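Here you go, one structure.
In order of appearance the chains are A, B, C, D, E and F, and numbering begins at 1 in each one.
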Amino acid sequence: MSTVKLVDENTTDPRVRRVFDDIKETKRIDRVPNIWRALATHPEHLELCWTRLKAIMRPGKVDMLTKEIIALAVSVTNGCRYCINSHTAAAQKLGLDDAMLGEVLAVVGLYNQMNKLADAYQIEPDILPEAARK
Amino acid sequence: MSTVKLVDENTTDPRVRRVFDDIKETKRIDRVPNIWRALATHPEHLELCWTRLKAIMRPGKVDMLTKEIIALAVSVTNGCRYCINSHTAAAQKLGLDDAMLGEVLAVVGLYNQMNKLADAYQIEPDILPEAARK
Amino acid sequence: MSTVKLVDENTTDPRVRRVFDDIKETKRIDRVPNIWRALATHPEHLELCWTRLKAIMRPGKVDMLTKEIIALAVSVTNGCRYCINSHTAAAQKLGLDDAMLGEVLAVVGLYNQMNKLADAYQIEPDILPEAARK
Amino acid sequence: MSTVKLVDENTTDPRVRRVFDDIKETKRIDRVPNIWRALATHPEHLELCWTRLKAIMRPGKVDMLTKEIIALAVSVTNGCRYCINSHTAAAQKLGLDDAMLGEVLAVVGLYNQMNKLADAYQIEPDILPEAARK
Amino acid sequence: MSTVKLVDENTTDPRVRRVFDDIKETKRIDRVPNIWRALATHPEHLELCWTRLKAIMRPGKVDMLTKEIIALAVSVTNGCRYCINSHTAAAQKLGLDDAMLGEVLAVVGLYNQMNKLADAYQIEPDILPEAARK
Amino acid sequence: MSTVKLVDENTTDPRVRRVFDDIKETKRIDRVPNIWRALATHPEHLELCWTRLKAIMRPGKVDMLTKEIIALAVSVTNGCRYCINSHTAAAQKLGLDDAMLGEVLAVVGLYNQMNKLADAYQIEPDILPEAARK
């Protein structure tokens, strides 16, 4: 159960309502996801979060499926249940099937392991990325 | 400084040597990266790690640049210095420029924030991914 | 469901009972929270944890609400469900309303993002804190 | 060494320059901290990060010292070296002395421990925060 | 609820079936644990994970109870619910009683605290492990 | 560089001096490790940390080498540089050689991977540990 009372989708607060409407239109969904209804308990923070997310989560030099895959990789590494569910569903909507999901998670699992081995042995970097490009 | 003495690239241990040669050939590099020289202090673990990584880090349904981007997203979320350097360099080799890197990291930063907000408000999932596909 | 059988509040073990009574008196609550009933399966550890917590969680140079806010920030960053619930409730008891909670969580979310961006770009510190004070 | 070439403080890119000038003015500092010079490799992301941080990191219902303490608690929990340095210095500037820092870190250390013990025993919440307020 | 449909224990896929049978035989259990049924949605990844785990989780220079204790310490530090349950149960089967569990978790809790204090004060290492052995 | 000025080993503060002397005697070392010199900037916290650590880090139902291995597993999972160095050195002093270290880290790496896969697929526990014991 959430730690705050979720704001009603039909709230009369115009600032919240504007964000809620934009979320539904942008994401082409009928209901406002719970995370936004929780954030709406602080309308200014809701606006800051949504405008920022909207600016980042649109196709750019990186396509939307890749962006959802990155979001999933981050959410799995952080172990965030709500976000794992939501980004798995979003990536599936964009075409990620079980075989691709398995492949993505294989990479996520692999580097969660390798990260710790690199830390464990306190290894110095081989080459610096910037130097590598010159 | 690493916590173990890194195994020499020209070691005469045939099992380690076979892995080292395969690493250089597969990755088309001249030197064995330090992580493998540390893992070689336990030859069986070296083999397990390398054969697994080789099986996962090849093009499949997900392309190599996306896989390196996932590896970077995981490494950043874990804050692993060695791995951040190494996967940034690997992705740059595969074509990731500063603008794309900025876009990738914007997504990584965004969801590290959103993950914590979702946890903070203890929000229940809206919809289950599996259900979404049916 | 917990991984151990929680120790009964009315246990006859005098060492555990003494801690349980002190917890209820110090926190002015009627029931012993579940975390302490789990820790009581190892009475010495229960005592070590409680005496330490009691010594730290009292007003000092930092007031109690700020201490609960710090506890919440840590718990959110670690994604600990039990602790997020418990410190949100404790801070609310001390006067944290939804608007303040939103403001606190905005800072928590922001720096979970900024931490990862700083790590991602492998940026060297600008200035060392100690030096800053001299 | 950073993974991208830091943007020069005197860059002629007007969008970046505007943000850099605002950072120096808002924070009353002479040099642009390295994190912003790294983010400037993607000017749009720089703007998003700065405008958001500026909106959150100003006195509201929560004062600035408390906000820097929260930022420090998050940075320590994440183990981000750049951010620990920078928020320790910022809090020291706002009056945090060694005794207060010790007290803040005692709380941070304590709950990093308690979080893991609560997770370890898989304890169910005692009371839900929202319920506690009613 | 899992994000993929768990593969049936009696699947007719021979590759998956071979792994499932080996898991039950090796672990002397009647049912295939859910994690393997999820991984089976990508049979190649299932095989990679199982063969690797089987090679590592057998008595070597380190005994099985110690290995399960390490697995538990890692799972608690990561806050992974499924794994905490499963490794607590596995260690209990190998003889870990409540008093030993309490002692193990006391160490896990202690160093989750000390790790953060060491990071918080940005302390340089006293002595390098390799040097210590010479 | 540390964020506070490390307290001198020969400080005249009697409370700090008593702890420093006890650390050197208990650990049979000649110098006070840096972590304790940093904690000494808040003498009460120093005492709380040391008395607690001393009570936990002594042989009980779990032997000292296993305790240092647990400390290492936690420190690696958290990526704490100071602590990885210090617990690797401590375990090496107690007899951990490179082959055992490799085996320990193989388990640590493995479960950092498996933890994330379990979280990723949102798998429900198979069996509850407590139930397993009855």
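The definition used in the following text is that a contact is a pair of C-beta atoms (placed from the backbone, for glycine too) under 8 Å apart; a residue touches a chain by one contact, two chains touch by 3 or more.
If you're wondering where the values come from, they're calculated on a predicted model, not measured in any experiment.
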| item | value |
| --- | --- |
| Length of the shortest touching-chain route, subunit A through to subunit F | 1 |
| Chains touching both subunit C and subunit D, listed by label | A, B, E, F |
| Proportion of interface numbers common to subunit A and subunit C (over half same, under half different) | different |
| Farthest-lying chain, centroid of Cα atoms versus that of subunit D | E |
| Farthest-lying chain, centroid of Cα atoms versus that of subunit F | A |
| A-B against C-F, pair bridged by the larger set of C-beta contacts | A-B |
| Approximate Å spacing (C-alpha centroids) for the pair subunit B, subunit F | 27 |
| Subunit B-subunit C separation of Cα centroids, rounded to whole Å | 34 |
| Overlap residues in subunit C, where contacts from two or more other chains coincide | 1-4, 39, 44-45, 48-49, 52, 56, 77-81, 84-85, 88, 99, 103, 105-106, 108-110, 112-117, 119-122, 128-129 |
| Chain-level touch network, classified as line, ring, star, complete or other | complete |
| In the complex, subunit B residues that touch subunit A | 1-4, 31, 33-35, 38-39, 49, 52-53, 56-57, 60-62, 66-67, 69-71, 73-75, 77-78, 80-83, 85-89, 92-93, 99-100, 103-104, 106-108, 110-129, 132-133 |
| Subunit D to subunit E touching residues, read off their complex | 72, 76-77, 79, 81, 84-85, 105, 108-110, 112-117, 119-122 |
| Residue ranges of subunit F in contact with subunit D within the complex | 3-4, 39, 41-42, 44-45, 48-49, 78-80 |
| List of subunit E residues in touch with subunit C within their complex | 79, 84-85, 88, 98-99, 101-103, 105-106, 109 |
| Residues on subunit F engaged by subunit C in the complex (per definition of touch) | 1-5, 44-45, 48, 52, 55-56, 128-131 |
